[in-house]
Structures are given as C-alpha cells and as structure tokens.
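Each of the next two complexes has subunit A plus one more chain, namely subunit B in the first and subunit C in the second.
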Partner chain A sequence: MIYIHAIGIHNTIPDNQLPDLKCELKALSGKVYRRIDHFIQLAIIGAHKAVGELNLSPQTAIYMTSGQGDIMVFDRVRRQRYFQKMLSKPVDFVNLSSNAAGFYVASHLGLKGKNLFLLHHHFPVQVTLLAAQNALNLRQQKAILVGGVDEWIPKPELAKKLLGVDEATVLGEGSNWLLLKAEAEAALATFALEPGTLDKIELQRLLLSVEAGTFLAFGSRFPAAEVADIMLINKGCKRYHFEASCAYYETLPLYVLNRFLGQEQGRLLHLDVSKGRYMVMRVDNNT
Partner chain B sequence: MITILGGELLCSLGDASERFDALRTGKPKIGTINVNVGGAKATYPYYHIDETPRKSDPSIVDSYLDRVVNGLLEKLKFKPASLTNVGVFLGSSSIDYSLAWPIEEDVDDDFVARCKRERVGGGKYLESLMQRFGFTGPSLTFNTACTSSANALMSAASMLAGNIIDYALVLGLELYSPTTLEGFAMMQLLSPDAICPFDKNRNGIVLGEAVSAVLLSREEIMASPWRYLGGKSSCETYSVTSADPSGAGVAQVMREALEDSGTVSEAIIAVKAHGTASNLNDLAEMCGMEQVFKVLPPYLSLKPYLGHTLGGCGVAELLLMMESVDAGFIPASLNCKTLDSKFSQAPIGNLMSVTSGHIMLNYFGFGGNNTSFIIEKTAP
Partner chain C sequence: MKGSLDEALKRRLKIMIIEECEKEEVTPDDVDDDVQLFSDASGLELDSLDALQILMGLQIQFGIRLEDSKAFRRHVTTINELADFIQPD
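And then the complex of A and B:
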C-alpha cells in the first residue's frame, strides 16, 4: 500500500489565449525565473502548490509525465530553423529536452533525488504512477513527487488533430502533482493502481468487487454508452462528476484524483480506456 | 537477481565482427557531417550508422527499432509470442521525432486540413512497436537527456524486481537530428576534429547514432552470466547543462550505486566513464571518481568508438562493454595523448584482459541527470 501525502492542482481553460504565468509564478514562489518557458512555469506552479510549503527530504524523487511535453518550444525551434532560417536560442535548445522542466522543479524545491520525465501513448499518468508505486513498494524511494503537466497550444485546430481528439473538444492546460510515500503517518489518502491493463471482462469482474458507495470517475476517452452501462450495472456506486470543471488535456487523470481528494470524502475508482484496454486507479481518504 | 540475457546494437562500428575488430584494434570508423550554423556551413566529425537519408519520417525510426528487436530475438532464439509478460522501455533524448514530421510539414495554409487526426507524441514509437510485435505488458518512454536509456534500464530492472514483469526489453534510440546537431554546434560544444576524453587538449563532443536493444529478466526465469546488480539516478541542480565541476554530485551518485548494488568500491575492476570530452564534464567525472575510489580502477570512455549517442548511450555502451568482456578484453580508451594535469591517472591505454568481474557504468546529462549502475559477469 502507498500513501498520498500532498496534492496540488493547477487547472485552467484558456480563452483562446495562452495564460500568462509569469506573475502567478512570482506571486506564488516569490522568485523571478529566467530562461524558462511556459511549460516549465506550469510545472513549477503545480509542484509548488502541492509541496511548496512542506519541508521535503532532498532525496525526494520527481516522476513527471506529459502528453506532448514542451511542444511550444519544439514548435518554435523548428519554425526558426525551417521557415525563418535562423538559429534558435541556446535556452530553447536546452529546454527542448522536456526533462529540463524537472530540473527547474527540483531546483525550486531543493531536491536532489531521481528525476524522470516519462511518456506513454495511452496512459501517461497511470504508467508513471505504476513506476512510482513499484519503486515505493520496493523501498527504492521513500518519497516521490509525481506530476502531470500539459500546456495549451495556441493553434487549437492543429493541436486537436495532433492529439487525436475531435473538433468539438475544448482544450485546457494543467499541472497537477501529488506526493507519494510508502509510510502511512500523516497521509491524506491511500493510493493503489492495478498493475496491468485489463480487458472488458476483467474490468467487469473487478467492478463486481467494489464496495457500495464508491465513487466512479471516467477518463475522457470513455464512450458515454459504456459509462452508462457501467453505472447501470454498479447501482451501488456514485458517479464522480468533474467534467464541467476542466477541459481536455492528457494528464487530466491526476487532476481528477487531486480534485476528488480536495473536495470529497470516500473511495474513488478512476477508470480509463484506450483501444479496448482499461486501467484502474483507486484512492481512499476515508481513514 | 536481475539477469542481462543479451543485446543487439546498430551503430557506426558496423556488425558484431566489425565492432570486435574496432574495439580490439582501437580503429573505429568516423565520418563527417555538414552543419549549418547561422548561415555559415561547417563540417564536423560524426558517427553514422549508415548512409540512409534521415528525413523526419517516423517510419525510418520504426525500421531501425524493428531491426534491433528482430536481431535480438533471433540471437536469443525467442519468438515475440513466447516472450510473455514483457515490459518495454525506451530511452531517447529525441522522442519528439514523431512531432517533427507534422510540424515540418506545416508550411502552407492547407496543412491543418490535410493533417490526419491521429495522436502523435513521445510515447508513439513504443506504442507502434508494441503493436507490431504483439507485446502487451507495460511500456514507458524516458527522456532524461543523455541518461535516458540508462534510466530506462534501471526502471526496467526495478519492474522486474517488483515482479510486475518477467522480461524487460530496453531500447536506446538516437538518430541524426538537425535540430540537435545545430543546437550543440551553436553552443560551441562540438569538437571540430576528434573526441579526446580526459586529454589536456580535449575540445568537445562528437555526436553519433545508435539504436540498441537489451533483454533483461530475473535469475529464476532465465539465468545468464551477466547480471545487473543495482544503481542510482539523481539530479544535481548546479547547472542545467553541466555537472558540478567539483565532482560532488557525480561522486554521490557513484557511492549510492555501489551501496544499492551491495558492491564495495575495491570490487570494481573497471569504470565505463561517461567521458564526453567536454571540458567541464570530464573534470567533474574525474573529480567524482577520485572522491569515491581510494585507488582509481582502470577507466575508459567508449565515445571515441561510436560518438556521443546522447539518450541512446545507456544501452549502446552497456552492450559494447558486454561484447568486449565476452571476447576477453576491455578496449583501450582512445585519443588521450596528454593527460589533463588536473587528473591523477590516465584512462586505459592498451587492451586489458578481462573475462569476468564487476563494472561500473556512468552516464551524465543535461538537466542535472546523473546515473550510475553496476553490472557483473560471473566467472565461468
């Protein structure tokens, strides 16, 4: 069993304009940062909201994930090279490697532990949490700060195509973090993740064992009809609605967990699906 | 105990017998590449896998990944279907290749209309590889700059230790990228002539390509004379582009790797240094080694053989070390003609006869990433 000790939410629905995060970052952290871009600002803000006021062990690891990483700097560098025929700035070249964001988060929080930037095509949040859960269970790490960061891209029409979502989808941005430890003392909640992907029958079997009163949250890719079927079969469960409070980004599941823990009391099962395979996360702040 | 079952490597050194010759004789093949730096054309040494044009087309990357995975499975006499409960891990500093194509195509107003509604992103290469080979276990793509595939390997070992998977296929990927090459040239980090790790006159890195695959398991599933004993990864925040030249951060990760692997420093028979030949990184690495070892073990850099393969070097250099020791030697560290006077001991100057023992492998990268792990080849 592993435990959630802190949560931080930064979640916005931009109104066709990239949010200016400079002032927010300065107000939050009291520091002025140079050589960082929007993606890195976003990462620091979310991490600071989770643990900025805590006295973390310097050995705390950072496992950060994202759907597309620092895509705006990537786009800028490519455009400068191919269309404007000019050299990109050294700072942009360094920040191209999305793990630069992890460096600045570590620097901001005074951390020296393992610092990973991880990606997965379907389940970036769940597989990152799987790696963290395993490292904590093996006592390879004592504490891991897990973050999901996705920035809003100013060309929404193109962005939606590259994200593979339909035109009606509203895009958002977020930086949501949680602090995981193997120790229970002073924890906010327990966390557990089914270690593999499930097929539909395995998911149904798992849902049969769910206690009455459990909240169910569904990932953005869940077909509405399937959600309705699951809720019909599992009448003792309550649907956890979060959809009106956010727009689409790929690390949204971290927002959902954190929002639940900030607002509700109880057990939550977060179900997500991609290409007929399911992943299930469970948080519980009852005890 | 985590076992290393074997690997497959594509790099500038050629096939296995050509690699053996180059490592034994100390005569690698080196090519050149033209780079446009702010309108000025420059030619730099470069280690190409082959002469195939490298357009920003994801299918080119897929084809190299398929070659190493097929080659590895053939070598180990595995069929993909027989490799059950396998996790797949990829490390690369250039995972954005999949985005390069659509963004480079975005040259006219019709592009958005033409663009397919299909998700691209850093996890795409593994996703399509998993589909082609029918693997269904967990997968993760790592971008931690030059430590990417070393971190992928360490996380794979962790998943094996946690019994989440029974096999781990770990891939290292680094192919030519004009953005990367020009970025390093712009930062004046490229050597105009040769890569000379630990030499007094070292003047920068030489980039190269490598695509590699290694298969890990646990002792009770499949034994091997090669074992992964443990390692550590950390982040030092001295600078986003270099390690602390005092060697403090580098020394710390090496000490922790020894502790994690249950190895005393005296048991290390050789250190595969990161050895990029950049002024500050070689200094940090040497200072770090001198703090960890009372008597410095023989050490070498493999980068004069295959270039700095960035995120791919974790697996590629591991495989070159294993191939060398399997052939009974550790290769000489090339191009250190005059040792930097700040260093106490020169790298390995001549072939060293080795058939077994504990070896430390070090990797350091942008973003403050320091990684060190220990492998062992057991005596026959």
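And then the complex of A and C:
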C-alpha cells in the first residue's frame, strides 16, 4: 500500500496576463533565484507548498511530469534558432534540459535523491505515479515527491497544438505535488493506481465493485455523454465536481486528487481516458 | 562621439548587463564606469554563465559579435572600455 503524506496545490486561471511568479516565489520561500524561468518558478512554488515546511529526508526522490514542459522557453529558442538564425541564450539552453526544473526543486528543498522527469502523452500523471508506486512497492525508494507542472502561455496556439485540444479550450496553469511513502504512520490518505489501462468492460467491472459513497472524478478528455453513461454503472457512486475551479492543463489529475484530499473526506476514483483505454487512480482519506 | 563619453550608451550597456544577468537589486547608477565588471569590486558577482549571457545581449541589442573568449576578455572589462569598443569615435 502507498500513502500520501503531503499535498501542495498551485492552480490558477490567468486572465490574459502571465502571473508574476518571481515575487510570489520570493514571498513564499524568502529566496531570490536568478536564471530560472516561469516554468521552473512554478515547479518550485508547488513543491514548496507541499513540503516546504517539512523536514524531508535528503534521499527523497523527485518524479516530475508535465504535459507541455517549458513551452515558453522552447518556443523562444525555436524562433531564435529557426527563424532568426541565432543561437539561444545560455540560460534558456540550460533551462530547457528536461529535468532542469527538477534540479532547482531539489536544490530548493535540499534533496539529493533520484530526480526523474517523465513525459507521456495523455496520461502523464498516471504514468509518473505508476513509476513512483512501483519504486515504493519494490522498496527502491522510501519517499517520492511527485509533481505535475504546466504553465499558461500568453499565445496558447502552440500549446493547444501540442496538447491536441481544440481552439475553444481555456488553458490554465498549475503545479501540484504530493509526497508518497510506503509507510502509513502520519499519512493523509492511501493511494493506489490500476497498473495498466482498462477497456470499457474492465472499467465497468471495477466500478461495480466499489463501495457506495465513492466519489468519481473524470479527466478533461471525457465526452459529457460518456460521463453520464459511467455514472449510471454504479448508482451508489457520487460525481466529484472540480471543473469550475480550474482551466485545462495536462497534469490536472494531480490537482483533482489534491483538491479532493484537501476538501473532502472519503474515497475518490479518478478516471481518465485516451483512445478508448482508461486509467483509474484511487485515493482514500477515510481513516 | 567616443563611447566612454556617451552617457546614454553607457546607461544602455548597464541596463543590458543588469537585465541579462538578472541583477534586479542593482541599479545602473551602482555600476561604476571604470570598475572591472568581473571583479569583486564591481559588486555584481558575475560568473562565467553571466559572461555568456552578456555575450548574447551584446549580439542581440548592439549587433556586436565577439567570436571567442579572448575577444570577450579584451573588450568586456569595464563599462568605459566596452563602450569605446562598441563606439570607437
């Protein structure tokens, strides 16, 4: 069994203006960082909200994911290189390394453990949590800080193209983190993830087996009609609504889990879908 | 006009350095025209990554391309010398 020991939420719906995270980061942590961009600032803020006040073991691992990564810097470097025929700035080049943000989070928290940046189209959160779950179950790690970070960008066309979402989708930004351990003492909740993708029949079977009163949350890619169908499978389940509190970003499932744990008491199944296959995560803070 | 006599140019250079190196706590007035930029006396605490950032800033904002580290060390010493290199007369 895997246990959640801390959660941190940073979730915003920017109003046509990039939030000034440099000031927020300074106010939150009391530290001034140079050479870090918006994406890295976002990562540090979310991680700090989760575990900034805790005394973590230096060997705590970091597993981080994102739907679109450091897309603002990526876009700037892309334009400089291919359109303006210029070299990118050194700091941009360094920050584009896949786990530069993880490095800065580790530095901020004084961590020296394993540091991974994982990407997966459509299931980035689930795949990252699956890797964390396996590492904890196999006792390869004692504690893992898992984060999902996605930044909002003023010109979202490229992001929408990369994410495969339609033009009308409103994008938000978030940095949501949780601390996972294999030990139960002082835990906030239990966590479990179905280790593979399910087909519709397997999903139905799973939903029929859950206890009455279980909340169901749906990933943003679910068509409304399918959500309605699934809610009919087990009428003892309740819908968990979070949609009004956020806009779309790929790592939203971490926000949903953390929001639930921060606001509700009970059991939540988070369902997500891609190409007809489902992934299911379960959190429970009943005890 | 020689660069070191052009106050506007020197101010632009200082602002570029402050911005490229993210030294928001420093104002252009804090940067002495004759102090070695990469020395402790400058108070800027610049390092080799800052040097690369300044190199790119010179290229983007002033059209100056310094091909190697020797050229950089020769010209990016003080604000006055850098200004004279950009604007010899």
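Note that the second predicted complex is superposed on the first by the 285 of 287 C-alpha atoms of A that agree within 3 Å, B and C clash if a C-alpha of one lies under 4 Å from a C-alpha of the other, contacts with A are read in each partner's own complex, and residues count from 1 in each chain.
Definition applied: a contact is a pair of C-beta atoms (placed from the backbone, for glycine too) under 8 Å apart; a residue touches a chain by one contact, two chains touch by 3 or more.
Keep in mind it's a predicted model, so treat the numbers as computed, not measured.
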Does the superposition put A:Arg34 against subunit B (first), subunit C (second), both, or neither? second
Pick one for A:Val280: touches subunit B only (first), subunit C only (second), both, or neither. neither
Among the partners subunit B and subunit C, which is in contact with a greater number of residues of subunit A? B
Touch test for A:Tyr82: subunit B only (first), subunit C only (second), both, or neither? first
Let me test your reading of the model: by the given contact rule, A:Pro90 touches which partner, first (subunit B), second (subunit C), both or neither? both
Given the touch rule stated above, what does A:Phe74 touch, subunit B (first), subunit C (second), both, or neither? first
Quick one: is A:Ala182 in contact with subunit B, with subunit C, with both, or with neither? Answer first, second, both or neither. neither
Intersected contact list for subunit A, partners subunit B and subunit C 35, 86-87, 90, 94
Considering only the defined contacts, which subunit A positions touch subunit C in the complex? 32, 34-35, 86-87, 89-91, 94
Residue positions on subunit C within touch of subunit A in the complex are 20-23, 25, 49, 52-53, 56, 59-60
Please name which positions on subunit A make contact with subunit B in the complex. 35, 62, 66-69, 71, 74-75, 77-79, 81-83, 85-88, 90, 93-94, 96-100, 102-104, 106-107, 111-122, 124, 127-128, 130-131, 134-135, 137-138, 140, 155, 157-158, 160-166, 195-197, 250
Within the complex, which stretch of subunit B touches subunit A? 37-39, 93, 95-96, 99-100, 102-104, 106-107, 111-112, 115-124, 126-127, 136-145, 151, 155, 158-159, 161-162, 164, 178-179, 182-183, 186-187, 232-237, 240-241, 249, 252, 366-369
